[in-house]
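You will see chain A twice below: alongside chain B first, and alongside chain C after that.
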Partner chain A sequence: MASAADDIVVIVNQNIGVNKMSRDDVIDIFLGRSRRLPSGVTALPLDLPSTSLEREQFYSRLTGKSMGEINAYWARLIFSGRASPPSLAMSQEEAMQMVADNRNAMGYVAKSKVTPSVKIIFELQPE
Partner chain B sequence: MLLKEACRMLMFLAAACAVPVVHGEPIGDLEFSGSGFLTVGVGKMLGGTHATVLDRNCPCFIADYAQGAVYDGRSGLQWGQDSKLGLQGTATLPNANFSVTAQAVARGAHNGNIDLEWLYGSYQLTDNTVIQFGRKRLPMFYYSDIQDVGFALPWTHLPPQLYGWEMVNYNGVNIRHQARWGDWAATINALAGNENVSDSGYWEIYNGKRSRTRVKLNNIIGGDLTLARDWFETRLVYIQSGTQRESFTIWDDASQNYLPANDPGLPGNGTRQNIYGIALNMDPGDWIFRSELLYINRPGATYKDYAQLVGIGRRFGEWQLMATASHYGGEAVVANGGDPQGQENHTSRSLTLRYNLTQTSDIKMQLDSQKDQGGINWAPRYGEARLLTLSYDVVF
Partner chain C sequence: MINPFRKGILFGTIISIVGTAFCVSAIFILMVAFVTAADTRKDFARHMDELLDTVESTASVACFVEDKQLAAELVSGLLKNRVVSRVVVQTADKELARGERAGSYRADATPEPMVQAVSRKIVSPFSKDKVICEISMEPDTREANRLVWENVYFTVSLLALQLLFVAVAVVLIVLYFVVRPIRALSNNLHSIDAAAGEKLLSPKEHEGNEIARLTDDINNLVGTLVDALQNEQQLRTQQEINQQKYRSIFDNAGSGIFIADVDGHISSFNRSFLLLTHFPADEHGQSPELAHAPWRDHDLLIKTIEACVMTGANQSVDLELDTEEPCWLNVILADSGDGQVQGVVSDVTQVKQSETTALQMVVTDSLTGLPNRLGLERYVLTIQCGHRDPCALMLVDIKEFTQINESMGMPVGDKVLKVAAARLMGCIKKTDWLARLGSDKFAVVLHGVSTPAAAENVAIRIIGAFRQPIEIEETSITSGCDIGIAFYPADGADLPSLLRSAEFALSYAKTTAGKDFQFFMPEMVVTAEQHRKLETELHQAIQRDELRLFYQPIIDLQEGRIVGAEALVRWQHPTRGLVPPDAFIPLAEKTDLICGMGLWVLETACRQLAVWQAAGQQLYLSINVSARQIPDALPPGLILEALKRHGLSASALALEITEGVLLSDIAEGVNWLKELRDAGFRVYMDDFGTGYSSLSYLKRFPIDVVKVDKSFIHDMNEETNDRLLVQAIVAMADALGLQVVAEGIENECQISLLRQMGCRYGQGYYFSRPIPADQFDLLHQKGIHLSPPKARCDEGEDFG
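Up next is the complex of A and B:
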């Protein structure tokens, strides 16, 4: 588990061909507004479990919203058939493994957990 | 009847076993996922205009025109108007990029009877483009798609002056495309179809609880465009169709009974209508701003519709306070026989307090005040109403 002082980082596959993302790009991918990066690459976002502190910190730092508000937002997309929520990784280790194994996968983990198998393309520092 | 009861029991059992949103399970080549929503709502009429309007004892607050949900003048608590339970299931063939989605809703306003709201197939043409066909929600408003999902709404019921229309679904086809335009995320949707509704709740409000009406929308064509960037979102919509209405029986005040009727509101062979809408919504930091406008023009009819809402709110941790005003105004087309003093016109103001109990549930308390501002010849005149509602919302 990350401490509240840890950076949360967005990770991608080493071979995705993208080295950097803007905050707007990350918001669009994780809020279901787009599944395509500016470079044209399709992104498959991954969420951590709803009880995960990193998930709460990620959305709070990225959007300023609580998990209740994020879930209310996703309820709109799910029940309207407009988008599917991110796939679920059961732990940060599994998220990194899924990203390392899938060229299009994109996840978020505490910076202290990152291994060389994945690439960091966006950082969210503590508020 | 037995099947209906069994379905109702299954839906409530599913709600009782609520777990976090979207559950998936593969069976062979098919993947199944399901989710649901529940709102338990209760209201208490605090006051207003005491009168008999059609066959209702008022004061009356119209919570949902499309479903005919009206809080009336009875003493005590009223449970049915905002309560509903919905289940949505999707079967996906991942290798064929094809899925089928169905949504069924049991509403207190319909005595718990189950309506199949949506049943549509989706074919994913590309990563960003999908074509869908079947029965879907007509996307007239920003919240149309989720008008039954209380947890996704900032109110106990949608502002009725704007979200009040005679039909909410259609049968047809739509194609949706997501794109990035510079720094903006865009979603473009185009649709075509038809819809027939018999004895809709909307016309029960105007013609009596046991009135009988048939409404047809034919050759529906339209589309909507949503642009989003960070905390700002705007949505534009345009829909056109032919519209026909036949009233068979309506309440007659003079005889205090239902009589056969010929509705004078639309020409016998119907008319065209053009629907224009815009929503501007913002969520900067802890602030919430909602606004939406709708205009409907019917060149061959005696009236046009204008409706608006504006709401502002603020979050305080898991609490949220929101003030909203909504207004409906009809405009007489005198050249077509419209009566300038016979126009419908009303306003509603609300104050809503929300508390997020968990990540997937909330409770809300809302105070509504409705004011009738119709012309002197306007009927039915529901008058003023002050209503307190409480709701518990959960998604699972």
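Up next is the complex of A and C:
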């Protein structure tokens, strides 16, 4: 599949002072451990719809876990309310738009969809 | 019953089994308890681990996002478990959650925690390498201990119960299979009577197994023992019987039996021993000694006992007792091997006495009571053993004893011997010695006599004593004796040679007239040797035909003619010439040579008679017959046969005998004479008047002619007595119808006297000496011329 072979990239607002992020940094933010970038900027992660192929590929490539596992993970945390899952963007385009618009937003899209309005700070190559 | 039970197998078995079971149980229970406790603790730890396992993923999430609430929930979940006491969730920089269960005990509350606390490091759910927190969980130690003890208690109880059951089962099995049959066996054994042959019964349920085998073994053993016991009993009974038997033999034996050691201590003896040994009554006590018996030579007995023990060989000894009556005991000793000897004592007094008597008899002449030849030998032996003093041996021979014995009978002879012995005894000293060697021969040993003079004195005394007449049964016998004397040691160093020397001297004394005793001289041996030589030669003379027969004419004094002749034997010796009859006739008579010679004479005489008969000459021959020839050497049958062979009649031959012939054996001699006279022979009594014959013989004996001895004729001229005697003989012969031949006529005067007396026949040198046959024939032809009778006779006419 052409799309599956595509790199998934993590994008942020152009105005943000951060240019590069580690995988752990990405995991911490997307999986509820932290809402701040290393620079101290609050981060607002965006998820794609659960049916989206990119979402599945993103978590799979990032943590090695399936979507079921990721969902079960979130299910344990939701009770206490200490952490919450990322906000939802309906598509990649919307995700890019929201990132471009919001200085704290952070999302993931296929690399082919990336426009110059956003900045790539992390890439996930197919395994 | 308690004690036997405690000693019994059952008790022992139970105690052993229970004890063993207890000890083994204790060890096993301890081991099991330890193992169980360890297992329980391990289980406990594993349980805690498993608890942590169940909360690990949740804890991982809670710690990842540091969700305290989630962590607290997790802690309270864990605390719901009773084994957990306290839980702490700790991240790197802070404690996320902590919880304790109320009413629980922890390690710090108990001194020794049986279960350690557990902790686990929790990694990030997204990175296995990244530790994000640690959960530590402490156990409830009381609960843990309770669990451990509960498990241990349960397991141990189970095990103990199990072992108890096993022990009881083992006891019961042993009781049933071992103890009970053994007890049954034992009870049976107690009740059976083995000696009566009862057998042990094997328990039924144990047939064929070890108990049955044991029963059989016991039965066999009991059988063997009973048999052995019975044998033993039989042997003992037999032994007792034997011992009684031997004891009885020992006690009642006629021989004395004792056992003693080399020191003479008697350890055993019987009644006969005491009786035989005259054992003093007060010494029968505890330790009798052989020395207590009255032995004459106790040392010899002890020495013999020692010899017996040393050599091991049986010893025999004769011992005399010091008792009033003579008592001799023979003791035979046998070594019993233990330093002791067994002695058998028997009374040999009678044997000893018999021996002594027998010995005495052997060496004693029963008639005179004097020692005999053996006695003499013994006596000489003893004196030789002692000192070598010189002595003289004297042999005394009674003169003409044979004739006395024969004419007067043996009893008279014996009395003569007794008287002779008594007289001899009276002639010698007490120190001298007298023995009777032979019939009439005595030996006198003159002790210390070494000179002929001393011996001669005794000899003369003896001769004098013997000349005295011996009065026996109103008969007076005058004899005499001949004595031969030899000296010891000059004439013989030992008895045989000394006796021989004395014998030589005696025989000389006998042959020498006028001297009745003779000392031994070495020449006698030479003479004897000559005699012996002569004897040998005489023996050969017959074979070599050296004998000649000479004839002395017998004249009819009335008619003056030769009527016959006396045949006389002569010896023509090749070197010595003609040997006179005195030199060999006595010798021939001593030996058997006279017999052969007699036959030769008979044959030669017969031959001569035949010659004369052929020539028509009526001549007879008289031949001399010696006593030795009668009756066997010249039997009548043989004479008759010789005559018949030469064609002669019995009247041609006359037989001249001496008185001695009739004296030697009267009955045989008389028979011989009668037989010949019946056959027609005439018998001449030669040398009449010289012997001991009484005139009654002339009547008793069947004779025809009496020849008057020449000694009477020789002295007839001057001896009135002799003349009267001849006259008496002639008259008596005439009266008895006997003819008379006068011998030794030497002169005419004798012829005249004889003719006057009426003596018909005569012979003598006056007529002719004995001459050979050819000369006799010449004389016969010439004839005899008798002068006319003279009135008186001149003396001194002797023709030698």
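In this section, the second predicted complex is superposed on the first by the 125 of 127 C-alpha atoms of A that agree within 3 Å, B and C clash if a C-alpha of one lies under 4 Å from a C-alpha of the other, contacts with A are read in each partner's own complex, and residues count from 1 in each chain.
As a working rule, a residue touches a chain if its C-beta (ideal position, glycine included) is under 8 Å from a C-beta of that chain, and two chains touch if they have at least 3 such contacts.
These numbers were taken from a predicted model, which means no experiment stands behind them.
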* Touched partner set for A:Ser80, first chain B, second chain C, both or neither -> both
* Please work out whether A:Arg33 is in contact with chain B alone, chain C alone, both, or neither, and reply first, second, both or neither. => both
* Asked: Between chain B (first) and chain C (second), which does A:Gly68 come into contact with in this model arrangement: first, second, both, or neither?
  -> first
* Is it chain B or chain C that touches the larger share of residues in chain A? -> B
* Asked: Now for A:Leu53: first (chain B), second (chain C), both, or neither, which partner does it touch?
  -> neither
* Asked: With the two structures laid over each other on chain A, which partner does A:Val114 touch: chain B (first), chain C (second), both, or neither?
  -> neither
* Which residues would you name on chain A as touching chain B in one complex and chain C in the other? -> 24, 27, 33, 63-65, 73, 76, 79-80, 82
* **Contact set on chain B toward chain A in their complex** => 20-22, 35, 37, 86, 88, 101, 103, 118, 120, 122, 127-128, 132, 136-137, 143, 145-146, 149, 151-152, 176, 178-180, 183, 185, 187, 228-231, 283, 285-286, 315, 317-318, 356, 358-360, 362, 395
* Structure fact -> The answer for chain A against chain B in the complex is residues 23-24, 27-28, 33-36, 38, 42, 50, 63-69, 71-76, 78-82, 85
* Okay, in this complex, where on chain A does chain C touch? -> 24, 27, 31-33, 63-65, 73, 76-77, 79-80, 82-83
* Asked: In the complex of these two chains, what residues of chain C are touching chain A?
  -> 58, 61-62, 64-70, 125-127
